[in-house]
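Alright, structures below, take your time with them.
Each of the next two complexes has chain A plus one more chain, namely chain B in the first and chain C in the second.
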Partner chain A sequence: MNDGLVGRPVMRVDGRAKVTGAARYPADDPVPGALHGFLVTSTVARGEVVGIDKSAALAHPGVVAVYTHADLPRLTVPTFPYIKGFIPLQGTAVHHAGQPVAIVLATTVEQAGEGANLVRIDYRAEPPTASIDDAPQPPHLPKPFRNRPNEIARGDAAAALAAAEVRLEARYSSPPRHHNPIEPHATTAQWDGDSVTVHETAQGVNLTRSVLSTAFGLPPDRIRVLAPFLGGGFGSKGPVWPHTILTVAAARLARRPVRLVLTRAQMFTLTGHRAEFRQHLRIGATRQGKLTALVETTTAQLSRTEESIFNESDSTSTLYDCPNVHIRQEGVPLDLASSSYMRSPETTAHFGLETALDELAWQVGVDPVELRRRNHTAVNQETGSPIRGKRLLDCYRIAAEAFGWSRRAPRPGATKDGDEYVGWGMATEAHTFAAAPATPPVTASVTIGADGRAVVRIATQDIGTGTYTVIGQIAADALGVPLDAVTAVIGDSALPYAGVSAGSATIASITGPVDRAARAARDAVVALAVADPRSPLVGVPAAEVVTAHGHLFHARDRERRDSYRAVVGRHGRPVETTGTLLNAPGHSWGAVFLEVRVHARLGSVRVTRVVTAHDLGRVMNRRTARGQVLGGVTWGIGHALMEHTAYDRSTARVVNPNLSTYLVPVCADTPAVESHFVDHQDPDSTALGARGFGETPITGVPAAIGNAVYHATGRRVRDLPITRDKLL
Partner chain B sequence: MPEPSRPARAHTRRTVLKSTAVTAAGTAFLPAVARAEPTALSRGTIAPGESAEITLSVNGRDRVVAVEPRVTLLDALRERLGLTGTKKGCDRGECGACTVLVDGERVKSCLTLAVMRQGSDITTVEGLADGDRLHPVQEAFIRHDAFQCGACTSGQVMSAVACIREGHAGTEAEIREWMSGNLCRCACYQNIVAAVADAAREVRR
Partner chain C sequence: MKAFGYSQVREPAEAVRAARQTPGAAFIAGGTDLLNLMRDGAQHHDHLVDINHLDLASVADSSKGLRIGGLARMRHVAEHRSVRERYPVLAEALEASASPQVRNMATIGGNLLQRTRCGYFRDAASACNKRAPGSGCSALEGWNRGHAVLGGSEHCIATHPSDLAVALLALDAVVHLLGPDGPRQVPVDGFHLRPGNAPHVDTVLRPAELITAVEVPRPAARSRYLKLRDRATFEFAVVSIAAVVDLRGGRVRDVRLAFGGIGTTPWRSPEAEAVLRGAPLTVDAIERAGRALVRDAVPRQHNGFKVELVQRALVELLSGWGGSR
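Right after this comes the complex of A and B.
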């Protein structure tokens, strides 16, 4: 390790490309001769297509084709990561409003859009159900999703609850929400015989490839998926959605490349969402606030065709020391599109837990931070094994001190500044990061050319988190070359295998393989040098050669030196190596402290000050890590104060499928954030001491805001978002 | 675009916009068009579905492009001129990803038709740097890590250039307010504010 780039706040290597517009996103790549596709989507939520009239659309200038279920070949419905249960345009059934029922191809994007306007669809409609409250049947316990059971029981929670000195029972709720990355989902499909290239807004190029492979019955090596840059995903581009399959199918039928970009409105029914959610929580504790029982039943919206639950209760199950736990994750099928992962899926249930702990703290008269300390655990609650690298207690201490928590007013509603009540709140943050699957193993390759430059190849993605930059840091350190001597090539399924950029798994899963491949390349070049009579290092034991700044040195005699460029140049051909390493799942933690101001007459809530401290193991790049904190805090503000998707209860259609009525935080909504990191090597990390982190910093923010609103006003809001009507 | 398949063929927002555009182009010319050189558009009526050749001045170069009157400036830039640095986030004026400069002012290019912008000077993110030398706003965005995914970045950068020029970058609070027409879902707002403030100082020097 020479420059020690890992851990430094290195500037993004793709910065110039992004600020000049040179970075090419999947909808930007020119594809000569491509037709534009546009989806016609169902206006009813439940029923059947009974008639289709394409004539007006086909008569529109530029319209080349209109395909419906009558035209598309039968495809195989893939399972995860296709989480929908059916492929549209395979039959006449309608399962939700906004479901594709036809696809129009035209020469220009305007013609395709107008052509879609002109397709006439007749339906037989049945009354739909759009809300958990209206569900005709009671919630049920769905079968395990990806081997994760929906019922978790440890100890005897019912008995412990009955015997508890202190009991607390509360119900919390959270509305549906949509990811809304700024870049819409886009697919461009280009067939060449029986092979297809797909430019795709994909968080996982290999996920898209596997879904297309199943749907079309094609061997994976006939499918190439490209996503060199991604304009945000937040989970919505992890699973694969119908428009991707339909675009690939349409391109095959039309024998022309096809590009299809979803409209913002279509993204509200075709790319997943955070499901409507209810949480019933019962807590047993001692008078000192030590948890003795956690009993939780959650209810999430399901669809008629898909039973997966994504609002996981990981925090209730694993965050605190509690011997008696009973969790049931139930669901209710509604006539809505399937939900899916959204940045920090545990945020919804975590809100209830962290709010309940605040309520418990007031009930037993213990400071909320102290209450959490009393329930802290360094043991994995599910397996009983010790967690060696957990520094959550440090997070509480650092953030509380920086915030000035000890000066908190002792009772709610005690602080007023002008027209506003001021309140402080805090919450723990916790997120489970994923492991990449073991087969095929995540693999990176490193190639050193005769110019001494290194190219790292791996089929991962940069969704904005800084993957390009961190790969450069890791490889440069391992090789002993400057950062600008490394080029990362990613976002292409033809590259060595990597998994999805979701579940905060990117850095956790690729760091080991990249590091190993680069170390192998270094060792290979050193071996060439010490065996090469033309090298000043000939005969030096390989173990005594160090590398730095693109050079190779004798460790004890720095005058004897060679360079990557010279060694590989003399070798006459590039040196190429690969590396693999499996990673394990784990957790990252943190604490968030914040201040809100609630207008006494208007009920408006402003978050005015935020301090965070996080334990993510080793901080690979402080700048990009801080970016995740800023993003997470802002998402937490959106989650707590404004974001919600409204369905019309009689038609099950989204009422606010746009960015002027689905409100996301804007610049003026966000306060300054002071972020701290407990930077340390996690001994159980497979990623140079680091852990998966990106989704951690949202989780506690909604509860911290609610807890601060309570502190400001004495009003406890358990149903998100905390809008003015709930405070007046 | 809302509800393209509505069976009753009610006017959607887009069809209204389009028929307005066609009428405008075919009868009463908009001032920007009228000022321009005579074109197919200004000489007569363009039937729906027909294109006209127009000249757009983009990044200091005149570019001839054939567009239907309903084509937005954004789609003309992206789909006809290959200037894909300008992004489409919503196509209805809500996100700011498509912000470009038109005669020095920030304009959401999804909300203006290409035919209305003949004779205007259009600057996109590709035309901001001076050769290899980045604009101070671009430099400041890199320095302050004012982006993650980059989907909003072209719009943020163009908006920031105008924000500074308008004199709306005096204080942090002012920047927050005047940059709030550009959404950043990655939420780099704090860094964007810092970058704009920093660039404003540099530009004023």
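Right after this comes the complex of A and C.
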């Protein structure tokens, strides 16, 4: 297996199609007769719609219909993964600014947009609350979300904290942030009688189908959801959002296909975000830096209609060995849209934990890497069972050596180069990846045609991570055919079942089924060959047949050979097999070491060097895995230094709903990244030794940058982003 | 976006005529700002007069100075050899602006007329006196990290976003206009207006007037541009400084200082210049100049750091000029 395709830095099989524009994204293909939809959104954040005047909009050229709560049929509010608590256009209540209050359909997108401008809405407005600081009520502990409790207690944290030799107490915060995939969310709905086809920018075609099934009371088999390519999602296209439901409803009312593409500004209120977040950490430790108590209370923004918390404290609970832990994940309802998953939900709480460990390391005089080694654990802190195949200690060693950590200056503020202070920082990275549900099981099918080519079908998605490529590698290896003899067909709910591409679950959940289906197909073709008198392999025991390069060989006499093409050709019909295999949730880990330069006079922070090492079990594709590291590090730089959604405190409207004023890093902000992988088979993996990984790199980057800024300057910034005004 | 009419013109006079005769008309050149303004609902025009075909794109340098056509693209000016050699502050300001793609399209005239990036101005649902006179200013008590500490009024504290205008201000440039009443010239110093009681009026430009050229006298001294921002490129200034300093024997013979990011207009500081003029260029003198610059600053909740930052930036820029540190 080691000389196969799996693990190699194979180029993306869809790369050429993407860069030449041949890849068709969900809103790309024209739909004959389709109307364009445009949402009218609330200008106020709290109150009620008291009047709607459609007349000017309906008089506008090209406008076909304007639908409001008075027009839409009553729909059923779905539960997870519909993370909203209500469907707009079902009543008059307004729960956040930017909430849809009407949908305009027109012949062109420009006419629909101007029609939306012309719909006059009158509101009874109430003053909203937009920030945790302004909330009238104290935070509360919401009910468990998806069976995950918001309070976790192990041991006696209070007593251990009181008795600790060393104590540390600190408060950290992260601002609200938005996903901002380049491709805007888009829905195209086409009804045919009581069935509907939905072209959707979805991270989960089956999740989207299940939500629509609930909302419209339709059997799932009447709904087909298609998402062949995705222009980035980062969690924002995992849940289903109101515009999807409203577009499907409008298409039914209008008896015409409808396409709706959100504007960038609408994506700031209609597709989730990372909630504003506060973290109060108290740590007890020995003088040697061994953790004895972790007491954490977090506060996240909630909405008036949804109580779920997505800034998860997994790292505080599970990353280090600590017998006494008490975590409370509290929330405060505000008049904002509901938050949701965003790439690496742990990131916000992880920032505080990894910063606090750095503070503890300075306090007790222990190197930050050594402090983490002393608190390393190979035992699952929540269940007490051993973790097999955890190579985090290797990550520390590899990254530290590659970075040159041993040459680190022992004191903060000690290194200056020209006008800049130079600082080094590190942090652990960790992410909990999800398992696909057991029912229905994730299933792949493999079909070998008379041309000897294989088609893999599975209702998974490629959200930009390389799923097409890795499916090809897995199937080609299992079959013994070249990569270009495999075609992956994905992104269609009509295909064999798979789950959502979120929680870093794709590779972990589809690899087993694809491998099994491909091995079954190989075995079936071998069985045909050895039973076929026309085959040179007739009579050879199946176990003695090997496959490679599209051929079947006798293992001990390679002159006796046949080919997939010949065998299936003689068979006269395609060979089709399926495979299923469950997977379990787990963790991937890593370490990030980096260097920053802080301008002594101007407070500018530059990240100038980054070295990472990650333990993700077996690396399926070194190139796409590295792509996840590059993206994660880049986003981590954004989180640390600039990203911030600004809400106006009196109107609760987003003040920077565009990529001109919501800053993300540009190339000049991102240095070269040296990435290492501890490449090994995870013994508990059902994915050929691989684990879910995509969201792991990013988790430690903001803390590593803050820790490096401290090392450079002696200034500890606990509130992100670290903008220059905090360092003057 | 509202539907609009569109026409092309070939001669400057024809452009002015078309704009005067067509109600609700605006000129469009690169369109890098105008189209966003129209999409965001911050500006409405019933008709666009496309001036891209006017013969106003040339750049010419002579012993008297530089003449830049109003339709010269930012990239063309920034790459011009004379500009790089003799007006480095101009090339530096242009190259610190926007992105290469935007600089390929955006024109010099359009750059001077671009509108503030204040989030409230660009959100049609927010109160903004610049966009909707009399509706109020959301920034005074709102998210004002990017806003001005100098030159504001109780009606508006939005900054002008142009780097180019800051450089031209330090160079004593003059804007050439053509309007229904014929040509006229307006110094860049005075071209942009403080908000006062009429924040919706950004400049002295009259209806249907066209920027035909910008003339820049050749400076007798070195010039430089320093821009500080929240990411490395493709972002507006938090604080910027254009400086033209004539330094003889360690003393400042003459100096012109203009600032971006801190004022409601590109900001010239005669007070700071007066402190430096005739003085040795020491850190102490520069710090006194900085204090003079911000004497009347009115910081708000989120932008107070600019008062300190601009003084540090001034030291950063001038203390490396060749004088003593």
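Rule of thumb we're sticking to: the second predicted complex is superposed on the first by the 725 of 728 C-alpha atoms of A that agree within 3 Å, B and C clash if a C-alpha of one lies under 4 Å from a C-alpha of the other, contacts with A are read in each partner's own complex, and residues count from 1 in each chain.
The definition used in the following text is that contacts are C-beta pairs under 8 Å (C-beta built on N, C-alpha and C of every residue); 3 or more make two chains touch, one makes a residue touch a chain.
Just so you know, these numbers come straight off a predicted model, no measurement behind them.
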Review point. A:Leu602 contacts which: chain B (first), chain C (second), both, neither?
Key: second
Practice item. Considering only the touch criterion stated at the top, classify A:Thr43 as touching first (chain B), second (chain C), both, or neither. Key: both
**Study point:** chain B versus chain C as contact partner of A:Ala668, first or second or both or neither
**Key:** both
**Study point:** Partner chain(s) touched by A:Gly113 [first = chain B, second = chain C, both, neither]
**Key:** both
Practice item. With the two complexes superposed on chain A, say which partner A:Leu728 touches: chain B (first), chain C (second), both, or neither. Key: second
**Study point:** Partner chain in contact with A:Ala542 - chain B first, chain C second, else both or neither
**Key:** neither
Check your understanding: Does the superposition put A:Ser660 against chain B (first), chain C (second), both, or neither?
Key -> both
Review point. Taking the superposition as given, does A:Phe229 touch the first partner, chain B, the second, chain C, both, or neither?
Key: first
Review point. Which chain, chain B or chain C, is in touch with more residues of chain A?
Key: B
Check your understanding: Where on chain A do the contacts with chain B and the contacts with chain C coincide?
Key -> 43, 61, 110, 113-114, 117, 265, 657-658, 660, 665-669
Revision key, fill the gap. Touching chain B in the complex, chain A uses residues 11-12, 14-25, 27-28, 30, 38-43, 60-62, 101-102, 108-111, 113-114, 116-117, 119-123, 180-184, 229-232, 234, 261, 263-265, 463-466, 623-624, 626-627, 630-631, 633-635, 657-660, 664-670, 672-673
Revision key, fill the gap. Within the complex, chain C is touched by chain A residues 43, 61, 97, 110, 113-114, 117, 265, 419, 601-604, 606, 641-642, 646-651, 653, 655-658, 660-661, 663, 665-669, 723-725, 728
Review point. How about chain B: which of its residues touch chain A in the complex?
Key: 1-7, 9, 12, 14-15, 18, 49-50, 68, 70-71, 75, 78-79, 82-92, 94-95, 97, 124-126, 128-129, 134, 138, 141-143, 145, 147-154, 157, 175-177, 179-193
Review point. Which of the residues in chain C end up touching chain A in this complex?
Key: 1-3, 36, 40-41, 117, 119-120, 122-123, 125-126, 138, 141-143, 145-146, 228, 230-235, 238, 305, 308-309, 312-313, 315-316
